[in-house]
Amino acid sequence: MNFDHTILTLILLTPLVGAIVLALIPEREGAKTHHIGALVITLITLLLTLHLPWHYHYAAEPGSFQYEQNLPWISVPAIRYHLGVDGLSLWLTVLAGFLAPMGVLASWRTITSRTKLFFTLFLLQQVAMLGIFLSLDLFLYYGFWELSLVPLTLLIATFGRTENRRRAAIKFFLYAFIPSAIMLVGLLWLYVRTGTFDFPALQNLAASHSISPNTTALWLCSLSFLVAFAVKCPVFPLHGWLCDTITEAPTALAMVAAGKLGLYSILRFSFGIFPEQSRHIAPLLIALGAIGIVYGSLLALVQTDLKKLASFSLLGHVSFIILGIFTFTVSGVDGGTFQILNESLVGAAFFILLGLLYERYGTYDIRDYGGLAARHPWMVTMFVITALAGIGLPMLSGFVGEFLILSGTMQSIVAHHVVWAVVGTTGVIFSAAYMLWMIQRVFYGSIGHRPDEVHGWDLNAREHVELWAFAGLFLVMGLFSPVWMRAIDTYGTLTADKPTRFEPNTFRHIETETYEPTASRGFVDPTLGAAALGKQAPSANKGARY
Amino acid sequence: MNTSLLWLIPILPFAGFLLNGTIGRKLPRAAVAAIALLATLTSGAIVADLWIYMKSAGAPLALAVTSRPWIAVTGFQVDFAFTVDHLTVIMLGIITGVGFLIHVYSVGYMAHEEGYWRFFAYLNLFMFFMLVLVLSSSFLLLFVGWEGVGLASYLLIGFYFKRDSAANAGKKAFIVNRIGDFGFLLAMFLLIAHFGSLSFDRVFSQIPMLDSTGHLATSRCASLPCVIGFQPYSGGFLTAICLLLVVGAAGKSAQIPLYIWLPDAMEGPTPVSALIHAATMVTAGIYMVARCHVLFDRSPAALTVVALVGAATAIMAATIGMVQHDIKRVLAYSTVSQLGYMFLACGVGAYSAGIFHLMTHAFFKALLFLAAGSVIHALSGEQDMRVMGGLRKRIPITFWCMTVGVFAIAGCPLLSGFFSKDEILYQAFTSPSPVGKLVWVIGVLTSLLTSFYMFRLWFKTFFGAPRFDEHALAHGSHGQAALAPVHTRSDTTHTMVAEPEHDSGQAAHSHGIHESPWVMTVPLMVLALLAAIGGYVGVPVAFGGHNEFEHFLDPVFTAYSSGQPTPEPSAPAYQAISLTAIAVFAFALGLLTAYVFYCRKQGRATQLARRFKPLYSLLVHKFWVDEIYGALIVSPLLFASRWVLGGFVDTAIVGGTASAASGATKGLSQITRRMQSGNIRSYAGWLALGAAAVIIVVLFGVHPFHH
Amino acid sequence: MQLALFIIFGLLAVAGALNLLFQRHPINSALSLIVVMMSLAVLYWSLGAEFLAAAQVIVYSGAIMVLFVFVIMLLNAGEEERNTKGSKVAYIAGIPGAAAVFCLLTFVFLKEKQQLGYAMLQEMMTGAVSNLTAISHQLFTSLLLPFEVTSVLILVAILGAVVLARKEL
Amino acid sequence: MVPIAFYLILAAILFCIGIAAFLIKRSVITIFMSIELMLNAVNLTFVAFSHMWRAVSGQIFVFFVMVVAAAEAAVGLAIIIALFRARQTLNVDQVNLMKN
Amino acid sequence: MPSNLLALLPEIILTIFGVLVMLAEAMLPPKRSRKPLGWLAIFGAMFAGIAANVQLQHIHAVGVFTGFYGTVQVDTFSIFFHWLIAGIVIVVLLASLDYFEGPVTHAGEYYALALFGATGMMLMTCSVELLMVFIGLEISSISTYILAGFRKGQATASESSLKYFLLGSFATAFFLYGIALCFGATGSTHISTIAARIGTTSAPLLGILAVAMVLIGLGFKVSLAPFHVWTPDVYQGAPSPVVALMSTAPKAAAFAVLLRFLFNGTPALRPHWILLIEILAVLSMTIGNLGALLQQNVKRLLAYSSIAHAGYLLVAFTSFHEDAVSGALFYSVAYAAMNIGALLVLTQISGYEEQATTIDDFTGLALKRPGMSALLGFFLLSLIGIPFTGGFFGKFYAFSAAVHGGHVWLAIVGLANSGVACFYYLRLLAALYSRPLTDSRDYILSPRLTFPVAAALAFAGLATLILGVAPGRVLNMVQHATPGIIAAPAEQPAASSFPATPPATNR
């Protein structure tokens, strides 16, 4: 049976129907009905998402969308139910599909009351996330974008850990909603100018500079988009919500709270609709990214609360990606996109591990811990693997992304890129410092007072399954990155600038006028990598596209 | 030679790691050891086969094997690819050979440790990464090994994770290494930016084609060096790349200013110190510099820096080594010092001399560490030389092996260290490097100091009256017997000052001082043999040898040269002889002084120390480098993070703007609510005012866009 | 004649209005309001709206104001208390607002004075009967609906008065 | 010959006095009276314009305003009575249970 | 059917049913349940809706038609509002059936007044003669004045009623003044005549002044800042179903009048009123949201929110395209659905005695009444403007109209405001869903969910959902309703200026 034309709708519908069904099943005290139901639904969704890379035509024209579904929804304004997948969203969709069952598993023991509410909202969150990745109609996208706030807010308010939960929920919502509301103005303006919400159409208009002759308005419009996305990421000075949200959110939600949605949106919409504006603002974002890396890592270094540490670490990772994608080099964009996958996985695994600690000892305060390694050899193993993936140890997934990002920064033609590449690279040091220090304080040395009082257990079978899945992915993604890169690169090459050459001794790049596919030029050689990614090596006249 | 066998070389240890790491806990110790040993031995065998093949006539200069791509984006690609040339073969030999011996040694040494499986798993993991490091055919894969050995080192240093000091040392090693990696990474980014690739071959082959402005000559004149007026490019961005690589090498090879982690790394079990922190991993930096000689040759400035850093490290570590009391620490500083030597050699362009010293050093330093481990083992964990002495008779095998090692490192003629060190000094003296003479002087001085502190160690440990309390030790042994597996057990908070002794709980050893079992002594003896004769592969021409070692490496170091073969420095033979005489003199002087201070007139050293108290204190405290780093970098960084970033930026600016905005909104909200006083008359007041305002707006406020 | 009527009764109306403003007892205010209404009736007449003048006297002064006075009596409303906590806003914002409204209205009227023309008594005196005819004609043709719908309004008012004034248990 | 504007201004004066009375008076009944005053002012305006346009529809309007005023008076006074029953006061300053 | 009768068919039906209810009330013995009267009223409203449908058929047949000498005009616009008002009345009455069972004895009058009020509102929407508008406005206003004070047991009821009445009459005086000036400027009170003459009158300032005064009066009715002051107090004191009614239906009717007056009557003066509209919109949004921000009382909170929503709706007025009108119409439907829904759910969970008044009283309610809480959450989200709810599309259309009209900054201010607004909605929402900080309050005697209430809630909820997911039908409807409203501003003959005064025969 050929699913190709309905698969995306199926992917969206499965969790939605699941949420409705779960909402209708009565809740019984102590029963795991909803857990199991949610697990089944999320697993089905995962399987459906796996269909995408399986049948994806990697050799298709770059920039084209596959599995498209394009139905009219509202005639005036012209809003369509337009879904599609390209190299950028392909793996992100799978990622969203993968994280959901993991989230359910992570909530298995922690969520004992009000399970119906929890899982219903959790699945709605899943719908929103998938919808964001799949929508090709700006309006539809915006719908999912805003919708994604609601379940998270409610869940934080309901399941938040401390008395602060209500405030944290509202803070999260406000931080995300206000910029999004401004973005809606940008969206409306775009619609009024162009008469369409269709992303491919808008992209084409943008490419031919025919959205609007009013450059100032275009600028402001692009800013309205960017700011909304940047807050969601979050980009360095806009991260005020992150700590509280992460601290309060249950594990399953902390896993999805930050990062991918905003980053994807920047890649898709900021870059797609405002290519020039994005390039103009790139120096700022590169600087913020580099600063964010250092900032997040340094603050993670001095935290005593594990969740806060995790949230600043998240900030650092997200900043890495911001740095990468705004270089507009193939390496940077590819690496950044790859890093979104990695960052989400690492973050998720990290939150799961922290959740396990909390389950056992009831505290996130590092000072209460110590010397757990002997008691939980498997847990410490997983912690170390996750930490290593996070700090970019080669052969694990984190390295590929970080390396490409930083090398892309060095190749970028943006001003001061060398400085920011250096600053960003220091993140390598600091991230190692905070991760290892954290592990040392929690697991090494003498037994801390909290483990002294409570006797926790090592991983059980469910946790093993869950964590080994992550560990396996870290390794596989670290070793076989081209599997992922095949798809991502089709997006990256379209988005990135022309190859550049480094002007010796001046540390400046000069955009090359023409492109010569010879190895002797000291710049990007497109024959490299192309074959490895299963692509036709671009012919000389086509090469100018990037 | 089936080249696909190359894959097996690193993969076998990796398989060992996976096996031991996952199911090792359930396996009996013998099985664990067998897996680890077998993995190492098999790859060792393949290496041996490879060596024979490479030595044979008609073998290609380099074997290359490529698998699937690892990282690939359009315009940039790194494959899983190995290249074996002569340099690699030597490194492979050292790693698998010494590595295997140390594995064997560890079987005895770690016999009763709780984390036995863990230890061997880590050791195999280390082997894997180290082999990848030397086998790789690109910077990036080299970096994989580079980081990987750092990881293994981290895990092994922190093997006794119950001890804060061990955990700290592991963390410190990793982080300091990361600082080095920071440089390495930046160097790679620059390489990509300039050469579009990280493959050694692609990068190095482009370098000779850089014209004087740093642009690549066009492909049409690929053999441009012949073109008249072609000025080869040097310096410039190549210097930047080289210096960044040096930062990386300094981190891994414990050079100034990043050497601080190595002495602390002695917190790990002794075999780890021998393997990782003496013989193999720490030499990765030297290997890398040698590997990148094409780059360095184009950057005299970078080479000078390398030479100076090496020289400074050599002498500084040597001075510190003179006054240490912990036997392993002396060896650690000695390692740093010797690494400085190798660096120095590379800095003056004598790469093969550096590699030669690397090899001999691997032999004798591994030997020294293992022997020291044997001593410590004998003394049930005692590491302080002040309470040793007179062990010569009690542990004869260890003593004799140690003696070979000490003489070798001190540069006793006819032992391996003599040849390699002599070669370095000779090359330094004759090199065209502007700092050649200077580093030669420093080298000789260092050689003197090396001789002194090694013999100091020798005398203090093995000669004179025993200063230890045998009963106390025996008791201690018993006392520790109860606590022997302590460091891996969870139900106690006991921490130990010294390295917790391993098998001291055994009845067989409860009598106190004892020689080690054969699994430990056999590797010692093998290494002693190697330390003694290892130098003969590189006997210089001046002494009637053929300097086979250098010729073996020649294809590596002359590859990618710009076509004009550098003329062999044809120094007269007498110069070589006299330089050697000076070196020998330095050795003898060191030996004599040590003899005087520590054997003949004991207490003299203490007097001296008292007389030059500030100097002594400076040395004992290792120039206060750790403290200076702590005060200048770590504390300010933490302080700034906590208070400036965390307190000010995050709370006041990031959170503050938000709370200010919300505060302002709430203030406005209060005002709005105040308007709502509940009184009809005031409401009417607002209405009236509003009415007036509306009328004014409508009458006079014509919209600017609509008129 | 016209001007005299305007001045006399205009002043009277303003005086009555001001008296309403300054009297403390509601009954006095009510009486002042009646004065205003009477004066306005005269002005209506002077503008040619005889029917309205009559209606003003009958409906307003006669019916509505009686209702007011009745309620004042019913509730036994005394003098206003001056000491209750008043509203500052009413004085700070309201009075200037009212003054501004007045100034603006006056400004407009004066500005448009020429366009608005003049009122002439004589003309109206002659067409009195036709005026009433016109009113009734319009009321029962083009403005029939409002006339009818007013019944609903009155129904609502009655219903409301009943609902509100009924004593609830 | 009086300018229509004068009538209008007179109406405006009365209207604004009505507003002022609403603002200043404390008795609910008086306040209600001030509304009647305002309506009367509007009526004068209507009549003046009606005169100006020679159109009787303005006068009819006034007629309807009177009716509406009567209806309002009925309801309003009923409300006042209800208030008085509930609160025993006619002072608006004391009718401020609900605020902010 | 005679066209006069047809033109007023819904109003006539409502009046008849109102009278029937009124008479029946008097005949029923005091202790008897008044529910049948309520049902009677509901059927009346239904018939009115059907009558509007009949009108629509007639329009399809013969086009727009007028009745009673052109005082009322039946077009798709008025039919749309007839439906809306009828729908609102039906839903509110459904919810009131049980509410007024207990404390109030003469509930029949409530139903009658609701029907009469609806009559007035419908008249407002279909009248093209300002006199008719005025009378319709008065009918609806007087009904709501009375309804606001219907819960006489409470001390706040009469205060609410009085405030509404006094201030409402005050504003009516302004509205009337506006009509007078309009009459003065054009010599007519008929919208089409006004439209034809006002742009070319020789006394333009009068017309401008008239617009200002009319805006003041109507601004009060739709509670635009700064004429909003009555809103919180009145809503707080009035019974919840009445609040549901008067926060939606009269407002919709007043907006309809405003649309007719501004877009159909005085488009020529658009340069003069457009700035005012912008200012009023911004002020309403801002003041409404600021007032609600720290509000603890839930009904007051919704009152302030209704001020803000009036501001959002007004944003659509800044454009002079058809989408402005359709945006405004859509918004009024969406707002009606979600606001009535929210208020009805609040009534349900706070009890008919309305004991739970502050946000804290609702803390953790989701535990006890998950369904109701979810529903309230849905309405709140719609009020915030989360996609896939009616509120989102409402805002979307309103703001897209503004952007279309070139008022991007207004859209920005508006959406920033909606960002601020979500704070207070969320406070309520988060309170519902967060675990109670202290012991839960048990004194809230939530009434049982009866069928009529359930039906009303389902109706509101479905409407909100459908408006958010498949707004196509309604959108189609409002787009059909617009063409009659927008008059081309430059239609009048520019050459001959219409004189302010007709030529005096003997001046």
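The chains carry the letters A, B, C, D and E, assigned in the order they are written, with residues numbered from 1 in each.
The rule is simple: contacts are C-beta pairs under 8 Å (C-beta built on N, C-alpha and C of every residue); 3 or more make two chains touch, one makes a residue touch a chain.
Fair warning: this is a prediction, and the values are worked out from it, not measured in the lab.
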Task: Where chain B and chain E overlap in contact partners, by chain label - done: A, C, D
TODO: With one step meaning two chains touch, work out the least steps from chain B to chain C.
DONE: 1
- [ ] With centres defined as the mean of C-alpha atoms, identify the chain lying farthest from chain D.
- [x] B
Open item on the list: On a CA-centroid basis, which chain has its centre farthest from chain C's?
Closed with: B
Open item on the list: Looking at chain pairs A-B and B-D, which one is connected by more C-beta pairs in contact?
Closed with: A-B
Open item on the list: Report the chain ID whose CA centroid sits closest to the centroid of the full protein CA set.
Closed with: A
Task: chain C and chain E: spacing of chain centres that average the CA atoms, whole Å - done: 30
TODO: Please work out the Cα centroid separation of chain C and chain D, and write it as a whole number of Å.
DONE: 6
- [ ] Mind checking the centre-to-centre distance between chain A and chain E? Centres are C-alpha means, answer in whole Å.
- [x] 44
Task: Between chain C and chain A, distance of the C-alpha-averaged centres to the nearest whole Å - done: 71
Task: Residues of chain D touching at least two other chains - done: 8, 15, 18-19, 22-24, 26, 31-32, 48, 50, 52, 57, 60, 64, 68, 71-72, 75, 79-80, 82, 85, 92-93, 95-100
Task: Residues within chain A bordering two or more other chains - done: none
Task: Multi-chain contact residues (two or more partners), chain E - done: 131, 135, 138, 142, 145-146, 149, 152, 161-163, 166, 170, 184, 205, 209, 232-233, 295, 420, 501
Open item on the list: What's the complete list of touching chain pairs for this entry?
Closed with: A-B, A-E, B-C, B-D, B-E, C-D, C-E, D-E
Open item on the list: Could you list, by residue number, the parts of chain E that touch chain C in their complex?
Closed with: 8, 15, 18-19, 22, 67-72, 105-106, 109, 112-113, 116-117, 119-120, 123, 129, 131-132, 135-136, 138-139, 142-143, 145-146, 149-150, 152-153, 161, 184, 202-203, 205-206, 209, 500-501, 504, 506-507
Task: Residue ranges of chain B in contact with chain E within the complex - done: 665-666, 668-673, 675-676, 678, 680, 682-684, 686-687, 689-691, 693-695, 697-699, 701-703, 705-707
Open item on the list: Looking at the complex, which residues from chain C come into contact with chain D?
Closed with: 2-3, 6, 10, 13-14, 17-18, 20-21, 26, 29-30, 33, 36-37, 40, 43-44, 47-49, 51-52, 55-56, 59-60, 63-64, 67-68, 71-72, 74-75, 77, 80-82, 84-87, 90-91, 94-95, 97-99, 101-102, 105-106, 109-110, 112-113, 116-120, 124, 131, 134-135, 138-139, 142-143, 146, 150, 153-154, 156-158, 160-161, 163-165, 167
Task: Footprint of chain E on chain D - complex, ascending - done: 8, 15, 18, 22, 28, 31-32, 35, 38-39, 41-42, 45-46, 48-50, 52-55, 57-58, 60-61, 64-65, 68, 71-72, 75-76, 79-80, 82-83, 85-87, 92, 95-100
Task: chain C - residues contacting chain E, complex - done: 104-105, 108, 111-112, 115-118, 120, 123, 141-146, 149-150, 152-153, 155-157, 159-160, 162-164, 166, 168-169
